[in-house]
Every structure is written in structure tokens, then in C-alpha cells.
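Okay, so chain A shows up in both of these, paired with chain B first and chain C after.
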Partner chain A sequence: MGATTTLHALPRPPQSGGAQLVPSAVMAMLIFVVTEIMLFAGFVSAFTIMRRSALVWPPPGQPRLPVMETAANTALLLASGVTLVIAHRAFRRHAPDARTPLLATLLLGSAFVVLQGREWVQLLAAGLTMTSSTLGSFFYLVVGLHALHAVVALGLVASAWSRLRRGFLARSFFGVTEVFWYFVVGIWPLLYWRLYL
Partner chain B sequence: MSARARRCAATWSAAPVAALLAAAPGTARACAVCMGGAGDRAETGFLLGSLFLSALPLVLVGAIVLWIRRRARLLTAEAASGSLRSPETPARCASSLGTAQPARR
Partner chain C sequence: MATQTMTAGAAGEAHAAHAEQTFWQRYVFSTDHKTIAMQYLFTGMAMAVLGGFFSYVFRMQMAYPGAEVPFWGIVTPAAYNTLITNHGAIMIFWVAMPVLIAAFGNYLIPLMLGCDDMVFPRLNRLSYQIFLLSVLVLFSSFFVKGGGFGGAWTVYPPLSSKAEYNLTPGGSTIFLIAVALEFVAFLMGGINFITTAMNSRAPGMKMYDIPMVVWTIVLASILFMGSVGPLVAGAVMLIFDQTIGTAFFDPNRGGDPILWQHLFWFFGHPEVYVVLLPALGIVAEIITVFSRKKLFAYRTAIYVAIATCVLSFTVWAHHQFIAGIDPRMANIFTVTTLLISVPVAQMMLVYIATLYGGSITFTTPMLWALGFIATFLLGGVTGIFLGTAGSDIYFHDTYFVLAHFHYTFYPIAIIGSFAGFTFWFPKMFGRMLNETLGKIHFWVTITAFSGTFLPLFVTGILGDNRRIPDHRIYPELDTPMLNGLREFATISMVIMLLVQFVFVFNVVWSLRRGKKAGKNPWKANTLEWTADSPPPHGNWKDLPRVYRGPYEYSVPGRSEDYWPQDVPN
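Take a look at the complex of A and B:
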């Protein structure tokens, strides 16, 4: 009896769909992104130590990384972040208006992944492999991990766009997509600076 | 040579090596995985890496806490001004998070 009284005295949990401070899905994605940032930070830190310890850098006999081409790719990725911001604002005003900027995000992100893949093919042909040098090992590990995240994030963006096109997109799902894509976009300049420059 | 004599000789030959290492602490500190031979640059790399990895979790958690505080203030202010909408209508104050919003065709 007493237990029942206590239960009644407890504050009621917020109803689903209420103005939640941070939706659980978005909070979970934020925590996941924090762990991913720490993973990349570990790799970048190890790469920095290895690079500073090397007597000669880049390793002799290894192809140079394409700085300018990747700068153009970086611009594409940053532009996809901008289009997602536009989609976010459009979604708040009138959801269907977010379709076009969301599609632009998808296309720009896909172009980034495809061009990075093309760069890999060229570098492999030039002799930079996972086992050819420490530069190759770190390059394929870190850039490959980022590409994997980009592909997963593109899947989320594609799913959000498809749901919006069909007429129903949950705000929490859109929030999760945004957090993950901003992570993919935001971490890349750091990787570019450390690996390529 | 007896075992005692061998031990004695080993002790006396180790003494100069120990003295040399004490005179050159940089070399004595070197280890197989520390790349000590590379000099100051490696040391700086380790220092920067340690600082970066130590500060990053604090920055990330701090940023999330600040963001949540900002959202809480925003929601409180909008609730106070009466612009907080009911869950049935899309809540603009909740920005892009929280409720499902049907897309109008």
C-alpha cells in the first residue's frame, strides 16, 4: 500500500513527443561520437609522434600525397556540411523544404567518398600500400576509417531524405543524422592537416 | 676462474657502464618503443600527444554540458513566454529534436 502511495507520489515521466531537452537517440549518438573522436585523436597522436621521430619525412621512395586534389575534396565535404545546416533551418520552418538541401548533402558527400576512392587507386598504383612504409600504414588506416564513417553517415542521410520524401521524418532521426554527419565533416580538416600537410 | 671471481669481475665491469649511463641520462632513458635516438622532436611529439589526449575529453564533455545548458535555458525562456507548443503541433522551440514532424506535400 505504502509502495503504491510512493509510486503515485513520483513525478510522471514526460510523454513521448513532448519538448524533451535532448532526445535519447541524439544523446546516444553524441556519446558515440565522443568515443569516435577519442579513437581518431589516438591515431592522430600516434601519427604525430611517429612523424616527429622520423629522421626523414616523408619516407624516401614513397609517393607524395595529393595535397591540392584532396583540398578540393575537403571543400566538397565542407560544402555538404553547409547544405546540411540549410536543411536544418528549412526543416524547422517547413519540413518538405529540407528535401533539396538534404539531397545536395547526399550528392556532395558521395562525391567526396568517390573522389577519395579514386585517390586511393592512384596511390596504390604509385606504390603506397599498407606495408610499404609507416606513412602508408597510417594513411590507409586513418583515412579508411574516416571513409567508413562517411559511408555509414551517407546511409543515414539517404535514409533521412527517403523518409522526408515519403512524407514523414522524425525530428530525433534527423538530429541523429545531423550529429553524425557534422562529426564526419568536422573531423576531416584535422585529418587533412595532420596527414597531408 | 672460480664462480666467486667471475661474480667479482662482473661487478667491477658493470660499474663503469653504470657511471657512463649516469653521465648520459638521455641515453639511459631510451627504450625500445620510445624512439629516444630521434632527440628533442620525439620528446616534443610525446608531450604534444599527451596534452592533446588529456585535454580533449574535458573539452568534449564541457562542450556537451554547455550545449545542454543552453538548450535548457532556451526551453525555459520559451515556456515562460508561452510560446512552447503542445506535443501535437511541431515544436519550434525544440529545434530539430524531439517530436516527429510530418512533411506536408
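Take a look at the complex of A and C:
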């Protein structure tokens, strides 16, 4: 998308009465993220309604979600957000300096996904499955959807990092990556709060 | 592909190269916004024919229950359910949305903003391709075991979630997948519309120089994207209920069926404004041109449209007054529902004030625009009876509701689309439509439309329930009075369908024989009228510059009664 816009804009001077407030690719990603936020809001409010109207909660005979371990995972994910902020600053100053913090983001984010995966394996073994209770259904659906987003976003981060290593990271591509990763990081504490606590 | 995008932006000699594009590049895999608009337009029209045929079949069954319907045969209850379900879904998701938003949006936004194409042309092409895929997926649902989904377009569980109840195990899941794909297509389109409007306007075009129809289509896209998330969430949950046995909506196992209704209508009500807004925009363009007046209170109209968008998120539970929701909640939603009629009414007043004192010419597009105002008013007014929880307890699920929403959707999707199509036809194809045929088509259509749905208000008030395949099994619904009204409605709707052949003939004839249109046949101000008709690839040789707002008609002291946006003085 980034490439398209730059090529597209080449032959003619920028329009819209002069300037682009936000680069088009970043704008597009922002709009997409708004839709995504509403998607997660749908799931979370559905879960909240279900939980509030249940006679007994959590469902009897089902394992409890690991609050403490996930808190540690959450810390990892938040740290990856911080390293991305550092990368952003470095990119502004002197682009190649962003390499190390970007790599840190990639590693921290991957660690989060892997540890969440391990948690799934343990919960499945303990008897929480997609069909064992509404708690299980919602848990795997919402956390799984978040993990899917995290994986896609990690792909973007990895791609940004390797572009930077080869020396041609476009500002708009970096912007898109940032918006998506901040979304993945930012929505998680909310999910953690609603699902785990 | 990169080269193609680049040439799309280049002027002059680059255009010569485009003459050599193959048929496939030009019409099937084009990234040109006008071609994509046409693809959406004609796909939408084809779907309208299908949806119209479905309604013909079940209306015949209503008027002549048990009789053999020409071109169909006996209507079984299962077929009846599939027909009404897919009629509704097709008309909303595969006709109103692609024609009003995608076709007009794609065609008009770059032309009215004075740029050569959308910001993301390839995303735009992908959007249409996914849309087409959604159509094919929907078609495939008719041919699986059990047939197409028959649980009503609102897809309420448990009817929709349990194969034992709906008897269409494959169809119900495929239906949801088709709708989800359609949403993805519109998400891509909407991203393009909003970004283009933000970043690609002609030099000099400020926020308040943007024509109403661009505003309303962009607002509709924002509204769509803000509301669709919860429905997608619900659809995913429902698909899991159907296929892997989760219990999100199954009360026996801890789920909640009413939850679906909330998720559906949280989207469903904003959705009615998603389709309403573009139609309002189209009407605004037409009535200003043909009454040669400035749009009354242009800025207020925009604020009103925004207010409608915001309020439309707060009214959804008026569809659930008798679903067992808390009566206190029903009170709140009654108030918000009545509140939202205020901006809608205000919009109508803006139009009437624009017409007031204008020098009106009754061309075909103008007739459609005025027809929109007249019929939509009735639709909006009847909504008030339904929005008031007390009276809705009686009206809910009767033909009164059905007549209400046809008096809103029909003006929007059919009358609004005809208005836009007849107005921009000269620009799209370079020729004028025949006015006499256009007027015959208009008057018969609008009369037959009223003949179809006015009787159904009455049957609804008399207690006739929706979604019953054969009324004869309920003696109190089998009275001569009700049967007469049903028959009248059906005959009217058959006339309405038949007169569409006049329209088809008019289009086909005018495409070959119609008078050449020239650049600006209606003497309008907005930028699309400064391009050739039809506009070439890239739209203009030199992109226009904008000096003023879009509605400077009959400005005192000028020799002409219009003042195009791109003329310096």
C-alpha cells in the first residue's frame, strides 16, 4: 500500500488543497484499527453480558484462568510497546538506530505469543475447551483472535526491521506497522482485565 | 501493476498507451474507479432483478396461496422461508449497499473531488473482487443440501443456529460467510473513500467546498465501519454455534439468544442510515441543480448528517421491545428513537426550504428526487409509531412494520438509485436518456409502489402477521377484507416489476440513439461536469482547481445562473 501511494503521487503535485494531514497508508490503517476496536468491543461486551447474567460464575468444574502468569506476559507485551516508542524516536533522529529497539519489539512480542500458547496448552489439558463452557468459548475466541492479530503485526514488525537492515524503510510503512502494533498492545490490557480478572 | 498505477497518475502521452489495453485489463481487472463503479452498479442491478423475482414469487403466494406461480411453481413453506430471507438480505447487502455506496461512491468521489483516481486503486479492485466472491458464495448456498438459508434476514438464533429448527444446515452457515465477505469488501471500499476524501482533494477545495453527496457517502462509510464490528463478532460466534457446537446463543448451556439481537441491531440500525445517507446526498445534488438554488443551510445539513450518525448508535433496541428487554430500557430507547427523527425531519426541511422559491424544472431525475422526499416522509413518520414502545407492542412483527421499512428502503434503494442513475447517466455514458420514457417509468413505478405498500399498512393494522407462508390456516387472517388488500398489493407489485422493462428499453435505446450530452447538460456546478462525458482514464488532462463551494446557483450579478467550482471568477 505504501509503495502504491508514493508511486501514485509521483507524477502530480500533492493535492487536497495542499498537504496530506496523515500519510494515506497510515490513515487507512487507522481507519482499519477503528473497525477492529469495535470488533473487540463487540466480543468483550458480549462476554460481559453473558458473565453478568450467569447464575454461577465462573462455571463450576472449569479451571481458573492463570491470573499471575498472564500478568507477567502482559508486562512483556507492554515492554514491547515501549521499545517501539524508542524505535520511533530513533527513526526520527537517525533511521538506522531504530534497528535494535525494533528487534527488541520483535523478540518481546514473540515471547508473549509463545507464552500465551503455552498457557493454552495447559488450559486445554486441564479441561477448558472451546465447547466445555461459555467461559472456554469466549476465552479461546477472544484470546485467539488477539493472538492472530499479534502474529500478523509481528510479521509487519519483522518486515520493517529487515527493510531497515537493508536500508530502505519507508516512513509510511513504519507508520502502518506502528499503528497496528500499538493497537495489539493497547487492546490487550483491556482484554486481560475483562477476561481474566 | 506498479507501472499501471503510475500511468494512472500520469497525464498526456501516457494516456495514449491506455488505448492498447486488452478487454480484460479494461473491463475486468481495471483499477479505474469508474470501471469499478460500473462493475458494482451492474452487479447490484442484476441482484435487484433476482431479489425482485423472489418477492414476486412470495407475493403471489400471499395473494393466491397454494396456487402455482408462473415461472416458479408451487411455493412450499421451506421455499417461502428461503425466498423471503434472501430477498431481504439481497436487497440490503447486495443491492442498496453496492449501488448507493460502492457504485456512486466510486464514480463520484474522485470526480467530485477533482482527482484522477482513488488513493488505493488496487485495494479498490480487490474490494469489487471480494464482493463478487460474496455473490457467488451466496448463490452456492441455494444449491447445498436443504437449500438456501430460511431463518429471516435478521438471523435470530436459535432458529438460525440449530439445524433441527431451520432445516438448512449448509445454507445457514454459507449465508453468514457470504455476508461476512461482503463486509470485507465494503471495509476496503470505505477505507478508500475516507482516505481519498481526506487526502486527494483538488487544490483549493476546503472541507466546506465538498458536495453533499461526497460528505454523505463518506459519513456512511464511517458509520458502517463503526457499527459493523459487533455484528462480525456475533456472526463468528454464530458460525461456531452452527459448526463446532459452542453455546454462545444456546440458553440451555449458558448462552443467551437475546445477545445476538443486540449485536445484530447494534449494526442493523446504523445500517439503515448507512444506506439512507448516500440517498440523501444524491437528492441534495439533484434538487439544487433543478431548482437553481443554493442548498439551504449547507453546513447545518452536514452537522445534521453527523448528528444522525451519532444518534443512530443509541436506538438499536427499538427492534427488541417485545423480546423481553427490561421495560426501563425500552423507555430509554423510545426516547432516543424519537430523538433521531428530529435530525431526519430536519434534513427533509432543508430540502423543502431549498425547493421553496426556486425555478424548478421537472426533469426525470428531479421527479425521482421529489418522489424520494414524498415517500420517505411517510416511511419516517410511520417509524414513530414503531419507535414508541407502547404502540410497537401491537405493531411488532405485523405487516405494518413491513410497510414501514419498505417506505424507507424503497425510496432509498430504488428511488434514490434511479434518481442518481438518471442524473449522472449523461456523464457516465455521454448520452441523454429519453425524457418521455423516463417520466412514464417514474409515474408508473411510484404509483404501483404506493399501491403495493399502502394496503400493507392497513393489513398490518388489522393484525396480519409477517412471515407466514399460508394465511389460510389462521381463520382470523383469512377474511375477505385482508385477502382483497393482499391481492391488490400483489397486482400492484407485478405492475411495478413489469414497468421496469420501460426503463431497460430506455437505457438500451439511449445508449445508442440518445442525444449527445456534452460536458455539462444540466448546467451544474460540481467538478464532475467539467470532465468529458464519459470521462477518460485519469478523468482530466489538467486536474481542476477549486475556487468556491458547490451550490452557487442564481448568484445575483452574474449573467449565468450557475457558477462552476473551477471557474476563477
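Some points to look at:
By our rule, the second predicted complex is superposed on the first by the 178 of 197 C-alpha atoms of A that agree within 3 Å, B and C clash if a C-alpha of one lies under 4 Å from a C-alpha of the other, contacts with A are read in each partner's own complex, and residues count from 1 in each chain.
Just so it is clear, a contact is a pair of C-beta atoms (placed from the backbone, for glycine too) under 8 Å apart; a residue touches a chain by one contact, two chains touch by 3 or more.
Given the structure is predicted, the values throughout are model-derived calculations rather than measurements.
In the superposed pair of complexes, A:131 makes contact with chain C only, with no contact to chain B. In the superposition on chain A, A:110 makes contact with neither chain B nor chain C. Of the two partner chains placed by superposition, only chain B is touched by A:94; chain C is not. Within the superposed three-chain model, A:43 lies in touch with chain C and out of touch with chain B [touch as defined at top]. In the superposition on chain A, contact is made by A:21 with both chain B and chain C. In the overlay built on the shared chain, the residue A:168 is in contact with chain B alone; chain C does not reach it.
By the touch criterion defined above, A:32 reaches chain C but does not reach chain B. In the superposition on chain A, A:178 makes contact with chain B only, while chain C stays out of contact range. Of the two partner chains placed by superposition, only chain B is touched by A:51; chain C is not. Residues 15, 17-18, 20-22, 34, 37-38, 41-42, 45-46, 49-50, 53-54 of chain A touch chain B in one complex and chain C in the other. Across the complex, chain A is touched by residues 35, 38, 41-42, 44-46, 48-49, 52-53, 56-57, 60-61, 64, 68, 71-72, 75, 79, 84-85, 87-88, 91-105 of chain B. Listing the residues of chain C that touch chain A in their complex gives 2, 5-6, 8-11, 114-117, 119-123, 187, 190-192, 194-195, 198-206, 225-234, 236-237, 240, 244-248, 253-256, 259, 262-263, 266, 543, 546. Those residues of chain A whose C-beta lies close enough to touch chain C in the complex are 1, 3-5, 7-12, 15-18, 20-22, 24, 27-28, 31-32, 34-43, 45-46, 49-50, 53-54, 59, 130-131, 133-134, 137-138, 141. Contact residues on chain A toward chain B in their complex (touch as defined above): 15, 17-23, 26, 30, 34, 37-38, 41-42, 44-46, 48-55, 88, 91-92, 94-96, 99, 164, 167-172, 174-175, 178.
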